[in-house]
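Each of the next two complexes has subunit A plus one other chain: subunit B in the first, subunit C in the second.
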Partner chain A sequence: MDIIKFEFLKLLKKSRGWLGPILVFTLIMIAYPLTVELTDIELGQSFFSILWIAALLVMMLATEDIFLEDFNDGSLEQYAISQNNLSFVVGSKIFIYWLVIGLPISALGSIFCVGIINQPNFGFQIFPVLLISTYIFMNVFSFGNALSLTKGSILGTLVTLPLLLPLLIILGKVVIAINFDLNYSGFLFLLLGILSIIIVIIPMITSYIIRAHLE
Partner chain B sequence: MQPIIRAHNLSYKINDKKLFQGITFDLFKGKALHIKGENGSGKTTLLKIVCGLTTPTKGDLTTNTNKKICYIGHKNALKQYLSIEDNLALMNVGNHQDIQKYLSIFDLDKSLDINIANLSFGQQKKIALLRLFLNNSDLLILDEPCVGLDMNTQKILVEFLNQELLNGKVVLFSSHISLDIVSDSLSI
Partner chain C sequence: MFQVNRAYPYIFYLSLAIYLFSVFWGLFLTPEDFVQGNSYRIIYLHVPASFISQSLYLAMAIASAVYLIWKVKLSVYLVRSIAPIGAMTTFIALISGSIWGIPTWGTWWVWDARIVSTLILFIMYLGLISLHDSFNNNEKADKFLSILVLVGSVNIPIIKMSVEWWSTLHQPASVTISEKPAIDLVMLYPLFGSIIGFTGLVTCLVILSSKLQILKREKNKSWVNDYV
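Up next, the complex of A and B:
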């Protein structure tokens, strides 16, 4: 479990790594109502699109150097040699990044949802969806980041972006369900199902990719 | 007695260019092997093969140790934005009983709150070497360990390695300068 403690320490001390994405997300959320002069109802209609895209882009930004720094300074080599289970290291890194960046962004997204749409129940309903979706985004982008570890990390994340398009469609359906006050728990379970698969597969594949880069 | 490392007919090539071939050696407890060769001859690759980081193109390698390998490579695995103290915590050697001893030998015991980025290359190398000095491994693999080290630290390193050999550990190292360590040598 030391790895979780160490990753937490590293990320907390590197404020650029976690504060940057949170600030970008906050700025987008603040800028959105300022840039359109519409009635409250119209603001609410396109808010969720902005919310998902902002979360997506910010997660992409947050994972930019999730492995790159460790690769460049030799820490990944040490992990690969000393840790029997590199996929656990990868999974722990992603979890810590989500905890420090994804969790606050989910909370902020819910707060902005209440503020902009002016319906408190929307904020509570969207919070678990944000929690799950940011974790999925982070996993997929980390995989992309590992893919192009030696060729500029942003390239790989852009390649993996299309993989998240089906998820955006599901998120759109969730918003429709919430808007019409329908039971959206089915979508929530679907997202949880996707997450439970991704949370196992992505660290495993990513650890193989990292080993290939270390060769 | 079983060797700790048994390498048989190891070969490695990159894009059809043979880096080395037919490398065979056995390394027993308490023995050291000095790998020699020109730049680009494949010394680091061979060490990485022994660490399990790289797969040989041909040949077999068996390591017979239950403990983790201690590897000191070209990269220091230090976080530039963290203090010495935090880096030691990350190395998981922060509570080792000998840590104060080595920090005071290296004259770094009063600089624990200084960021790694503010240290010289040699000082950074000394911190990286703590991973070796406070190791809990049977197999020590060192890739050019003396680069950037002053004479005094080189002497401490050599004394330490000789003591580890007496303790029955296995040392595999590459170095362009000859170290005063009783070792076999392998030229590639």
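Up next, the complex of A and C:
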């Protein structure tokens, strides 16, 4: 519990780390209507594609230095040799990042959804999907960033982004289901299933990678 | 390595003969397809290439697991040497599919589950190569490469099942283990021949590439000086 609290405070102090991604997301969502001929129908058509890609890119940006600073100042090494379980530390780090960045982005995404498509129920329906998908994105990008810890985040993203593309196909299906007012809970459970596997496996693999970096 | 050297020419010439014979059989001795006309004959390149592109990834995943569990260095050399060949076969599968798409679907490319997932496989092969090459420390690079290959193997069942899970333009498999083939036997025999021949040729490439990899990585050992 102490670790979670400590990581939370550390991230809050580093405002560039959490405020930056949220602002970038907001700017993308504000800027994209300017590029579209301003009619509601055309805006609505491309909204969800922009939303998923923006969420994906912002999560990529948010996890850029999730382990780097701790690696450079030696805290990760301390965690690795201390009594703490390193995969628990990694898991709580990812959770805190999601709580501070993913959660506001999901809320903002839903608000923009209501604002741009003009249908309040769309906003409520898309919120849980955004919550789950941002957490999955964050986990996978953390894994990528751990892989390329000392080599810059571009490489990590390059190697992990392909793993997320099948997820984007599922998100596309969710949007179709919402648009046609179909029951989309099946997709929600599928996403939850993916998340429940990822949430266990990614911290374990990532801690193994970090140990390899520290060797 | 010495035993492989001895067997290599036999494997190469036999596979080349089988492949050329099957392609000749497929191109000139089988009848035209009722629906697709002559364009279907690209399957003698497209099907072996797509089959091999996925099988190579599977081979890489098995070799990576062997490396991570038993620390067998040769297996990670194999992973690294398969990656560019996998990228090449995936590229052949994509291009040949694209060429076939023009007369059959009327388009070079569709954003379809099977095709996009194959493109993802291609990008993954390139990502693996660039990840491995970005580290100076070979041991670290080997470890990360094998982890990424194992994690990336979740994509293989997605590619395989994409034609059944999503509604797609790409046809489902015509030949499966459990069911009667949907393709006529006249076309099936040369197809099998071409798959066997192509697999043999790619195996030869893998042998050559892994030989090179071993020599490169073990260049400071005395046996390499004796060998070269």
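The rule we apply is simple: the second predicted complex is superposed on the first by the 212 of 215 C-alpha atoms of A that agree within 3 Å, B and C clash if a C-alpha of one lies under 4 Å from a C-alpha of the other, contacts with A are read in each partner's own complex, and residues count from 1 in each chain.
What we mean here is this: a residue touches a chain if its C-beta (ideal position, glycine included) is under 8 Å from a C-beta of that chain, and two chains touch if they have at least 3 such contacts.
On a predicted model such as this, the values are computed, not experimentally measured, just so you know.
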Checklist entry - Which partner does A:S75 reach: the first (subunit B), the second (subunit C), both, or neither? => result first
Checklist entry - Where does A:P162 make contact in the superposed view: on subunit B (first), on subunit C (second), on both, or on neither? => result second
Next on the checklist: I'd like to know which partner A:K10 touches here: subunit B for first, subunit C for second, both or neither.
Outcome noted: first
Next on the checklist: Just to be sure I read the superposition right, which of the two partners does A:L57 touch: subunit B = first, subunit C = second, or both, or neither?
Outcome noted: neither
Checklist entry - After lining up the shared chain so the two structures overlap, which partner does A:I111 touch, if you call subunit B first and subunit C second: first, second, both or neither? => result neither
Checklist outcome for this item: subunit A residues contacting subunit B in one complex and subunit C in the other 215
Checklist entry - If you look only at subunit A, which of its residues touch subunit C in the complex? => result 143, 147-148, 151, 155, 158-159, 162-163, 165-166, 169, 205, 208-209, 212-213, 215
Item to check | Touching residues (chain side subunit B, partner subunit A) in the complex | outcome: 48, 51-55, 68-69, 71, 73-82, 86, 89-90, 92, 131
Checklist outcome for this item: As the complex stands, subunit A meets subunit B at residues 2, 6, 9-10, 13-14, 69, 72-75, 77-78, 80-82, 211, 214-215
Checklist entry - Residues of subunit C touching subunit A in their complex? => result 113, 116-117, 120, 123-124, 127-128, 130-131, 134-135, 140, 143-144, 147-148, 151-152, 154-155, 158, 166
